[in-house]
Amino acid sequence: MKAEDAAIPDRDRPPLGYFEGREHRFPIRVFYEDTDFSGVVYYANYLRFLERARSSFFRLAGIGHAELLERDPALAFVIRKINLDYKSSAKIDDVLSVVTTYDVFKGARLWVTQRIERGGEIILTADSEAACIDLNGRPRRAPTEMIDKLKPYLLTS
Amino acid sequence: MKAEDAAIPDRDRPPLGYFEGREHRFPIRVFYEDTDFSGVVYYANYLRFLERARSSFFRLAGIGHAELLERDPALAFVIRKINLDYKSSAKIDDVLSVVTTYDVFKGARLWVTQRIERGGEIILTADSEAACIDLNGRPRRAPTEMIDKLKPYLLTS
Amino acid sequence: MKAEDAAIPDRDRPPLGYFEGREHRFPIRVFYEDTDFSGVVYYANYLRFLERARSSFFRLAGIGHAELLERDPALAFVIRKINLDYKSSAKIDDVLSVVTTYDVFKGARLWVTQRIERGGEIILTADSEAACIDLNGRPRRAPTEMIDKLKPYLLTS
Amino acid sequence: MKAEDAAIPDRDRPPLGYFEGREHRFPIRVFYEDTDFSGVVYYANYLRFLERARSSFFRLAGIGHAELLERDPALAFVIRKINLDYKSSAKIDDVLSVVTTYDVFKGARLWVTQRIERGGEIILTADSEAACIDLNGRPRRAPTEMIDKLKPYLLTS
């Protein structure tokens, strides 16, 4: 947890989720903004949920976006490929969990497995490949300290 | 708190915020999706934060959107007027609080005062007038049980 | 084109794109709302662009969402699976084209190939599988008149 | 119109709207992404429509966001205050017009009047105050060439 977060009283701190073994679990509530006129969550908005979970995983592991951007060169993590399988749909007021594992980290690339659940039911699965890039979009080997922070959560070969 | 929420373990339940006197306080974290290329939160996205807070206030007070829609006639709460004053700007990873009071409830109309804070600093103030409407957009007197649930939080004259 | 659209003067009518053979081409401009603090378009927002293009293709072919929803049973088209390959990134003020082909329509399912270009450069490719569903989420054979309207644009076997 | 825009064939160029006297008129179509489960456009999304229109006005007048950001110091236009009056609601597939006038430009501040119409019906009115700022959020006198470009559209005293 970052220093500034630690200074914030519990009840004023939005949750970052928690780890269960290698799995990071992140809670989401569905609000008006997430739905469309067909009555369920708009298909692009699940990607917002997935990103919130990935960012919170990073943050829990001690990695902040702002710090990456302050490095020289400035770095960011971006999704290069993602395969989405919409299995069911979420509705207003639903409580969801985004379950994330960071599987393999190799050079600039990070393979990620995610799913969104409501209770035990799977709403969506998502397999993605992220890359560490500089602000010109060029792949950059991730900083060693960052790899070290993620290592405990990666698949061991 | 709604029954289905109570059944969800604490750490899997997204926060609904809490009351301090008449003030409802709701925590928000700023994610990628909320920002724009100028580096700060996009001006329309604060309205999403404000709505999440108003909905969570309702929910904490025992009022759910889904239930309102299942009434006959189906009802919804919508914003009719809102005055926004952007005093500062929020950035990626910021932890914000949305502070909401429901001030006066009269017929179909509800007057709302909100502000968004980061620590003690005010980012935005918002005064709005909400209305209870049916699905044809006609104002409808709010259900008595709903008014009763909100009464403890309203201004007393 | 729908009747109500035809009544709107040209310069007040947002473009629905146009066909070049089987390919539908749809223009998009990147606005503030589409970008994030890293300076480029947020990854979920490309799915909004893809959907605008698919909806406009439908509309140009004479199929409107509102009409589908007014049928008995009410119908909607939803994405079941989508594979996204982010090859480059778009920036504020960019003019993009979304290129869409509807390839195969079988029962309730429709296979779609899309790409987003800037000039000749490919920003994103997307292969998806859409389904015609009723409002309970059950797959429904698409209406014959709808299949007939799309037939000229499908792959011939 | 910017040079790169001029190079794009008409049918691949998203509309920037047009002027009728001092009024800029900008066409919008309502897509899935804009609506919420209540069946109409989500209240925050009208602010995205308003910004698209303001940006397109700027662009038609020869002012681009990218160019402002490349100045030294980098500049951006932000909304400081906005009063919104939601008079009706827009639905999926609707064709809307955003009507914008830039009224008074004084130092760093610009007063803007906007409304969103569907046919002759007013959906929303919005009065706002924009400011020219540097990237630290400090108000900056707008560049003279920018004021000159907007002058023909301002109120004359």
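As written, the chain order gives the labels A, B, C and D, with residue 1 at the start of each chain.
Everything that follows uses one rule, which is that a contact is a pair of C-beta atoms (placed from the backbone, for glycine too) under 8 Å apart; a residue touches a chain by one contact, two chains touch by 3 or more.
These figures come from a predicted structure and were not determined experimentally.
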If a chain touches subunit A and subunit B alike, it appears here: C, D
More contacts between chains, C-D or B-C: C-D
Distance-maximising chain from subunit C - centres being C-alpha averages: B
Rounded Å distance, subunit A centre to subunit C centre (Cα mean): 27
CA centroid of subunit B to CA centroid of subunit C, Å: 33
Centre-to-centre distance between subunit D and subunit C (centres being mean Cα positions), rounded to whole Å: 26
Sites on subunit A at which at least two other chains make contact: 32-33, 38-39, 44, 48, 51, 91-92
Residues of subunit A that touch subunit B when the two form their complex: 4-5, 8, 11-15, 18, 25, 27-29, 31-33, 48, 51-52, 55-56, 59, 64-66, 91-93, 95, 97
Subunit D-facing residues of subunit B, complex: 38-39, 43-45, 47-48, 51, 69, 76, 78-86, 88-89, 135, 137
Of subunit C, residues touching subunit B in the complex: 32-33, 35-40, 42, 44, 91-92
